[in-house]
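I've put the structures underneath this note.
Each of the next two complexes has chain A plus one other chain: chain B in the first, chain C in the second.
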Partner chain A sequence: MSAAKRVQQWATFARTWHIFDCKWQDPYLSANVIKKYLMGMHKPIYHPMNDCGDVVVCINSRDIALRGDDWRQRAYFHHTGYPGGASWTLAWEVHNKDPTMIIKKAVYRSMKGNLQRRHTMQRMLIYPGEEVPEDIMQNVTNQIRQLRPVPTRLDHIPEDEVKKYPKVMEYPEDYVLK
Partner chain B sequence: MAFIRRYLPLVTGGFKNVYIGGQRKEIHRYVAPTLMVLKRREDKQGGKVIKPRNTFLEWNLEAEMYAFGKRLNENFDPDLLLQAFTDRSYVIKEEMKQKEMEFDIQMKDNRNLAEEGRKFMKQYIQLYLEAALPKFPIEGINGICDHLMSENVLANVSLHLGTKDIILADEYPVDNTTLANAFVAIVGALLHSSGEEQTAHFVRDFVITNLQGQDVNEFWHIEEPWIMLTDLIAKTGSNLEPRLIGEVGKNTLLACYRVGLYLDKKMLSSGFGETIATAKEMAAREALKKIFGTEENQYPINFKLNGIPKSSSKSRYQVSAS
Partner chain C sequence: MSNSHLFMKSGFVRAPLQNGVGRYVPQLQRIVLKFCKTHGGSRGIRDFIEQDLVEFAKQNPSVVVYLKPRRHRSPVAVAEYLNGDRVWMSLHQKSHSEITKWIEVLRTQQGDVSATRLRKYQFTDHPSIQGPWTPFTFKDPELNVAQLPDPKFGANDRLPMTATDKLRIMFEKQKISEDNVKTGE
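Right after this comes the complex of A and B.
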């Protein structure tokens, strides 16, 4: 193999490091996006037998947003293997226990169950907050676009800015706010 | 095996409608052991013996040589062609034989023809490549020429033209040196029979076309591309600047860097590598390819140049001399 072909191969199979901000993102919809990068499905050279998957670093997994009433409704099932060993844990309980668990399970479930899945999962790094080790952050060269913009909450806007905002009407002085 | 396959339907014909579980057996149980025994007997005799085609009863050397010329659409002088096919080893063997039988017939071997043919081919290939790759330096052209004139390439061409059985040599099957030598001698014989232009087209069609689909840069190894490139650029007085334009997985084993070369702030080329130094070197190589007109996506080499191209060596630049 000539030198030119060797570096062409090297560049073709280089692993890119992506970062994904999970803040206010639906973990189950995000999983489908993250999965594509993890498995290398966004590359023209993709093939199931081809080791061309990238690395994805997920940050802010503590701030994911579940749909509707899912924090209370969704249950995660586990069985110890012993009789009576089944247990159902609610999403909010799982999230309190480990804030990286829900997004991890979502990505794991989005992939087909084969021998490659656990190795692919090794290429996913999840951090509950914004703090990522420096040596990992240095590898990151691409950002995956979020599925939806992070909304601004009214109570996060400074008070004087809210006061300055033009109003349609003032409440009467004797009006009782609930 | 062909014999077995041909008569198998007769043997199994009676069982045509009988289902024998899944696949139908096609080869009889006795075949494998029989073949094994045959192989063992053959090995005991000292391996498979390949009989030279020219020892067969109906072998007609004259007809074969005539057909050889006609197949190639060339008119050879029969005597010269016979001489081209006669290897030195065969002449020595025949002389020994004649000494024993005490008579003397002079035979000519192909050494002279080969020398003439080799000289012509070298000259022509050089001229042709200079015309086909106008920007490529003389060192690179020499590299390609050496590759085309190498024993392996010539032997391969010779073998596939069907010289293997016609060559007169003391051994069979003939080795690569003999094959290559015979081919070069055939070119020499053609040179005497049909003139230079016809021979040039023969060489073009059978030897130079071996470059099809090959990367010509691989035949010329540049030791220090960066120094060569800076020397070339220095003459024009432009400003060459390498920039790191991409990196991936910096702290990992699979780190990959991309370096771009900028000539007066315009991108000239880019190269990849596992370190920045390698990437820079590869970028320099890419730039040289661009300057020499031998990029990956270049237009294919023209194999249809007619006649013998005129020499342009004087106007051609040499990289090492400058």
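Right after this comes the complex of A and C.
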């Protein structure tokens, strides 16, 4: 293999680092997106037997949004292996204990259970907040688009912008807002 | 491909050295037909031998044909190829017409094709003219200087316009048209 071809090979199979902002995202829907990047399924060279998966850095995993009543309803199962060792932990309890656990389990569950899955999971880095170590952040060259728009709180919008916003009518002066 | 096929010899789809471009080199070297003279399971191959075998040998002078009668064993064809492959095929209970077709397969195939696990269903000697794909192909050059994470690259940009946005745009338009009203003054 000539030198030019060798470099071509390195370029084609280079690992890209992606960043994904989990803020206000459904972990179970985003897992299907993250999975594709981890396994390299977004690349035209994808084949199950070539090693073309990318690294995904997830930030703000503390701010994920579960569907409906899932924080109270969803239970995570664990069994120690001993009799009576089964335990069910609710999603909010898991999230209080480790804010990276739910998104990690969601991505793990979205992939097929084969020998490659644990190695693929090693390429996923999760951080509960905005802070990412500098040596990891300098590798990141791409951002994965979120699925849902992140809502803005009314008290975070500048006041003059709120005042300028069109209204259908003004409340009367003596109107009591509950 | 499933895991049970991992042990098979792997390869790509290709013709051996462009066979047939200048002249055709027959790949089948030898075929051994084993059969029983009495059993019903060999009925089809006995018919084939009686009716078609001499013609087959005449038309394929490069193929060595052996017949091996053996008592009370099921019929079998063993084909040997130029590349050293050996294909064993059971012809038990196969009819005359089926056997004619299978022998034709053995004659025309190039080595043991069915025992190869195809790594890909396509193969080319000239993979790409414009150069192979890299992760940087078709990338937005703005990403090179962007400070990630950035909502500009991270927010979903494929959502339809919300009703709130539509209303606001309608309001903006109305305001402009009110300013442009021409009065008689």
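Throughout what follows, the second predicted complex is superposed on the first by the 154 of 178 C-alpha atoms of A that agree within 3 Å, B and C clash if a C-alpha of one lies under 4 Å from a C-alpha of the other, contacts with A are read in each partner's own complex, and residues count from 1 in each chain.
Keep this in mind: a residue touches a chain if its C-beta (ideal position, glycine included) is under 8 Å from a C-beta of that chain, and two chains touch if they have at least 3 such contacts.
Please read these numbers as outputs of a predicted model, since none were measured by experiment.
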**Study point:** More chain A residues in contact [chain B versus chain C]
**Key:** C
Check your understanding: Looking at the overlay, does A:154 come into contact with chain B only (first), chain C only (second), both, or neither?
Key -> neither
Check your understanding: What is the contact status of A:16 with respect to chain B (first) and chain C (second): first, second, both, or neither?
Key -> both
Practice item. Kindly classify A:141 by the partners it touches after superposition: chain B alone (first), chain C alone (second), both, or neither? Key: both
Check your understanding: After superposition on the shared chain, which partner residues are touched by A:4: those of chain B (first), chain C (second), both, or neither?
Key -> first
Check your understanding: Which partner does A:176 reach: the first (chain B), the second (chain C), both, or neither?
Key -> neither
Check your understanding: Just which bits of chain A does chain B share with chain C as contact spots?
Key -> 8, 11, 14, 16, 141
**Study point:** Of chain A, residues touching chain B in the complex
**Key:** 2-4, 7-8, 10-11, 13-17, 55, 135-136, 138-139, 141
Review point. Chain A touches which residues of chain C in the complex?
Key: 119-120, 131-136, 139, 143, 148-151, 153-159, 167-168, 171
Practice item. Spell out the residues on chain B that touch chain A in their complex, using ranges where they run on. Key: 215, 217-218, 246-252, 254, 256, 258, 271-274, 278-279, 282, 285-286, 296
Revision key, fill the gap. Within their complex, chain A touches chain C through residues 8, 11-12, 14, 16, 19-21, 43-45, 47, 49, 59, 137, 140-150, 165-166
